[in-house]
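Note that chain A is present in both complexes that follow, paired respectively with chain B and with chain C.
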Partner chain A sequence: MLTYIARRLLTLIPMVIVISFLIYLGLELTPGDAVSHMVPPDARSMMDEERLQALRESLGLGKPFIVRYWIWITGVMQGEFGYSLAGGVPISKIFLDRLPATLELSFAALLISTVLGSILGTISALTRGSLTDQSLTVVGMLGVSIPEFFFGLVAILVFALNLNWFPVGGRILPGYDSFWDRLPHLVMPAMVLSIMMTAGVMRYARSSMLDALSRDFIRTARSKGMPEWRVNILHGFRVALTPVIVLIGFRLPVLIGGSVIIEQVFQWPGIGKEFVSAVRSQDYPLVMMVALFSVLAVLIASLIVDLLTAIIDPRVRLGE
Partner chain B sequence: MANEVALTVNGLKTYIYTNNRCNRALDGVSFEIRQGKTLCIVGESGCGKSVTADSIMQLLPTLSRIEDGEITYHGPDGPVRIDQLPRDGAKMRAIRGKEIAMIFQDPMTALNPVYSIGFQIKEMLKYHTGLGRSDRHSKAIDLLRSMGIPLPEKRVNEYPHLYSGGMRQRAMIAIAMSCNPRILIADEPTTALDVTIQAQIFELMDTLKRDHGTAIMLITHDMGVVAELADDVAVMYMGNIVEAGPVGKVLRNPVHPYTRALLESIPVLGRGKDQEIKAIPGQTPDPYNRPKGCQFADRCAYRIGACDQMPDETQVAPDHRVTCWRYEEFAADAAE
Partner chain C sequence: MTDANATRPRTRRDAQFDKIRDREAALAGTRQHTARFMSKFLNNRLAVVGFVIFAVICLMSLFAPLIAQHDPMSPNLRVIAKPPSAEHWFGTDKTGRDVFARVLYGGRVSILVGLGSALLSAIIGVIIGVYSGYVGGWLDWIAMRISEIFMSFPQIILVLLLVAILGQSLLNLIVIFTLTGWGGIYRMARARMLSIREEEYVQALRSFGLGPARIAYKHMLPNALGPIMVNITLSTAAFILQEAGLSFLGLGVPLSIPTWGNILNAAQDLRVLEQNWWIWLPVGATISLFVLSVNFIGDGLRDATDPSQQG
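Our next item is the complex of A and B:
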């Protein structure tokens, strides 16, 4: 198991190198140079051309592209993310401020869609062909095909404006910042963000469960005289779970992409919302760092999923 | 004890429904399984052997039904009509596994890959015995040991993928025998295994029969297996038992053309390489479009006009029965 983890970690390194290189290349091809990205604009306006040139030299901008990439990536690895073009705020500070909100939202949505999707999919499989199953199938199809922002707007209209159950948007009211104060703000964006993923997980869990239930060991379990729930859950669901977790791993980018839109709709102060305004104001350094972090997030998430499946599957866990 | 009947099946009709069509998979099947004896059910693929076993265990597909007939289990508390019990009711579940246990054709797929062998034995003990946790564990080890699994203390915690095919079938037998059932049903338990492993598994089953007095119903399509293991044999064809009796009589004096054809289709040990082996001509009929009379008529060399009607079952001896219009001629021929 330990060698397995080590091997998986090692495979991450080349991926990170390739992707960060592509991102740096993108940055290189955009107008402006590193100085304009690294020096806060206020400070820059105070500097004369000679000092800027000296700074460029000291930063090694005369050096070849590859060398500069190396300097950049080692800088990033040491936490020097540069500055946002808007207001010259250090990007690291933006991350520190915004990341918790995004993580909170994504994690809540992930939790909802995993639990709800697996349960509904299992119910659907166990009642195959029934009205319950058919309605769930229809709901699932709607869930994967209707865009999230639409659900978001409808949710705001119905539950926030008409019924007044939840706040329209935002995350924290000034002065109220415990988790329980924030929870009402979290409910709608998390639910809406999870819809597409829940529907996907549900459909997949259904077919995975049906597949598991058709296997021979289910008949063996039944032949042992065990009650149906044990046959279905302990033997069926347990085996159906592995592919579902793999699917969730594959779908994580969808969740990350979705959070960009949902944060916008609900004015959720996370990285996604920051990303949208960064793109609008052509704040390339920030866009690049967010892109790099999203890619890292997906890679790390897929690593976690791999480890989870390994833990679930005895063949991997016990080192085959 | 030797002749105590453990299970009686009488006139069993099990129909399977697919795509709004009815497959009369079992069309009036009768037999007995005796304590401490092996009944072999033999016949070509698709003749209804598995459906017979699944009817007894109430493990039939959802769209199927026991339409007629009786399955009576002669348990320690008197006879129980299995066919009248709800499929997944507590009574049926108390019999399944504890009183009548089953092993299946493919040990590679019959065990759950995500649970250890020990877990899969112990869950059986948990449901059918009052044993505590640690007793269940040591019982699981004992069972594996008595099935001839080396290092059972270590093996008990291993997962099925670390077991070879033969070992998995031994583990399956350990599960099946864990509650000391009165009847063991084995549905082609060695078809998926090598010949040498096959012999070992059969030897193990024979030992269990002798040591525990277990009644065994062994399903096979191989007459060689019948010759080796059976006490009684029932030959099945298209949902009917065409001939049944003690193994000596049926193999030595077969009176049904299908039994004879089956016997001619296998090599007999000791007769050397030049012996004549004749495959049975033709194919089994379409189960949805069965012949009206004798099901074997289309492939039978002895067919006569009367065969367009279904023959009755006749006793050629008190313990030997056959379903064929011309059985008398074959009986006379066999007696010569």
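Our next item is the complex of A and C:
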């Protein structure tokens, strides 16, 4: 097991280095440099080239690209994420402010879609070919076909504007910051965000359950006279769950992607909303850091998924 | 062949082979494979429904100038935000542009982006995947690492990052989608090739002295085509959803060009959302219907081409 973990970590580290290098290179390719963001155009026209050059030197922009990359990446590893171009706020502060909201939303959606998806998928598999199964399949297809933000818009129109059940958007009202005060705000974005993933988990759980039910050990269990529900739950569902866990790990990028748009629709004050406004206002340092951390999140999630499957399934860790 | 047979006595095996050969010769002209594929596809009711919806929406967008009576771009200040009427089927938006015309013309761009990016990324992914999957070696290693790098980004973060770097335009969007999309199809093509590589006919071809490119593209690729087709349809659906999402954020196709996402962009305004449902509801429904139809086609193709998915 230890060697397996070590092997996975060894492939992960070069990957992170290459990706961080590429992201930094991407920033380098964008028009303008830090000086052009710091000095307003009218002040710039008054400054002579020498002073601009001196400013560049003092910021370390004169150094070769690879040296600047090294300074940046060692800084990032020590927690110096740099400053946002909008107002000069430290990026680490933006992360601290915004991350809890995104995590709250993502975990709520993850929880809903995992539970709902695996239950519906199992029902679908157990009633295979019936009307329930067919309608669940069509509903699942609708779930992956309708854009999430369109769901969000319809939900806002129906449940917030017409029925007044939930607030239109936002996360916290000033003065009301306990969990129960926040819950009504969370319901709609979390439900909408979970739709596409629920559909995905459901389809996958269905086929993996069908696969598990056709195995020999199921027949053995049945032939022992084990009650049908016990066969399904103890043997079928448990075995079917492994691929579902893997799927959920791989769905993390989808979840992050979905939350970028959903946060915008519901004005949820998370990283995704911050990222979109950073792209809009060409706040490159912030764009870069969010991209880097989302990659880290995905890589770490896939590492955890690999380790979990290795624990559950010994064939994986022995490396075939 | 006859010389070889003449030198030794005919056995029962020879007679059996002759029979098989006759049967194959009789079937050679009937294109039975295609017929079986078509009948299976047509038997899948949802796939046929999907194909009909897909064709109708595509044709309506294609012939938009003939169907729409209004210009999608020119504002008409006398009819601002009017509900649907006989003159304007889907009403008008806040600058008096005909929403129906905009949905039709928007479909052209959205479908172009979706289908175009899917085809381009499929071409790149298949060309690299088929060759490197068969030959392996350093090319395979490099392509695999590059695709791993692309795939460790959440798709939309990578797309937005590239939008920030390259800037916003229709062409850039197709390039960005192609860049972010080829990895999936490459891996799928490669995996198919790895399993086909072990089959006997490939070894036979190699022993005939055929070059690797010829074996890979001419003889192995046709057997991997089923999953590739499925993948193209599914990525078309995904790209159309992504274009809609990006344009909804105002970061996709520039707002001056009507696309399905750009039309929906107006619904970010809560007043439009509440009072002018005709501006955003029909186009949202159109996107959903189109993506649904593409997904149905994809499912039908999968069932028709993949023997392991039967039943």
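The rule is short, and it goes like this: the second predicted complex is superposed on the first by the 286 of 320 C-alpha atoms of A that agree within 3 Å, B and C clash if a C-alpha of one lies under 4 Å from a C-alpha of the other, contacts with A are read in each partner's own complex, and residues count from 1 in each chain.
We take it that a residue touches a chain if its C-beta (ideal position, glycine included) is under 8 Å from a C-beta of that chain, and two chains touch if they have at least 3 such contacts.
Please read all numbers here as calculations on a predicted model, not as lab measurements.
S.K.: In the three-chain superposition, say which chain, chain B or chain C, touches more residues of chain A.
M.R.: Partner with more touched residues of chain A: C.
S.K.: With the two complexes superposed on chain A, say which partner A:215 touches: chain B (first), chain C (second), both, or neither.
M.R.: Once the two structures are laid over each other on A, A:215 reaches chain B alone.
S.K.: For A:147 in the superposed arrangement: first (chain B), second (chain C), both or neither?
M.R.: Touch partner of A:147: chain C, not chain B.
S.K.: Tell me which partner A:5 touches in the superposition: chain B (first), chain C (second), both or neither.
M.R.: The answer is neither, since A:5 touches no partner chain.
S.K.: In the superposed arrangement, which partner chain does A:225 touch: chain B (first), chain C (second), both, or neither?
M.R.: A:225 contacts chain B only, not chain C.
S.K.: For A:156, decide between first (touching chain B), second (touching chain C), both and neither.
M.R.: Once the two structures are laid over each other on A, A:156 reaches chain C alone.
S.K.: After superposition on the shared chain, which partner residues are touched by A:239: those of chain B (first), chain C (second), both, or neither?
M.R.: first
S.K.: With touch defined as at the start, can you tell me which chain C residues reach chain A in the complex?
M.R.: The contact residues of chain C facing chain A are 46, 148-149, 152-158, 160-165, 237, 241, 244-245, 248-251, 264, 267-268, 270, 273-274, 277, 280-281, 284, 287-288, 291-292, 295-296, 299.
S.K.: Looking at the complex, which residues from chain A come into contact with chain C?
M.R.: Interface residues on the chain A side: 15, 18-19, 22-23, 26-27, 29-30, 138, 141-142, 144-150, 153-154, 156-157, 161, 168, 252-254, 256-257, 260-261, 264-265, 275-276, 278-280, 282, 284, 287-288, 290-291, 294-295, 298-299, 302.
S.K.: Touching residues of chain A toward chain B in the complex: what are they?
M.R.: 215-217, 219-228, 230, 235, 238-239, 242, 312-315, 318, 320
S.K.: Can you list the chain B residues touching chain A in their complex?
M.R.: Per the touch definition, chain B meets chain A at residues 57, 59, 88, 92-98, 101-102, 104, 106, 109-116, 123-124, 127-128, 159, 161-162, 172, 175.
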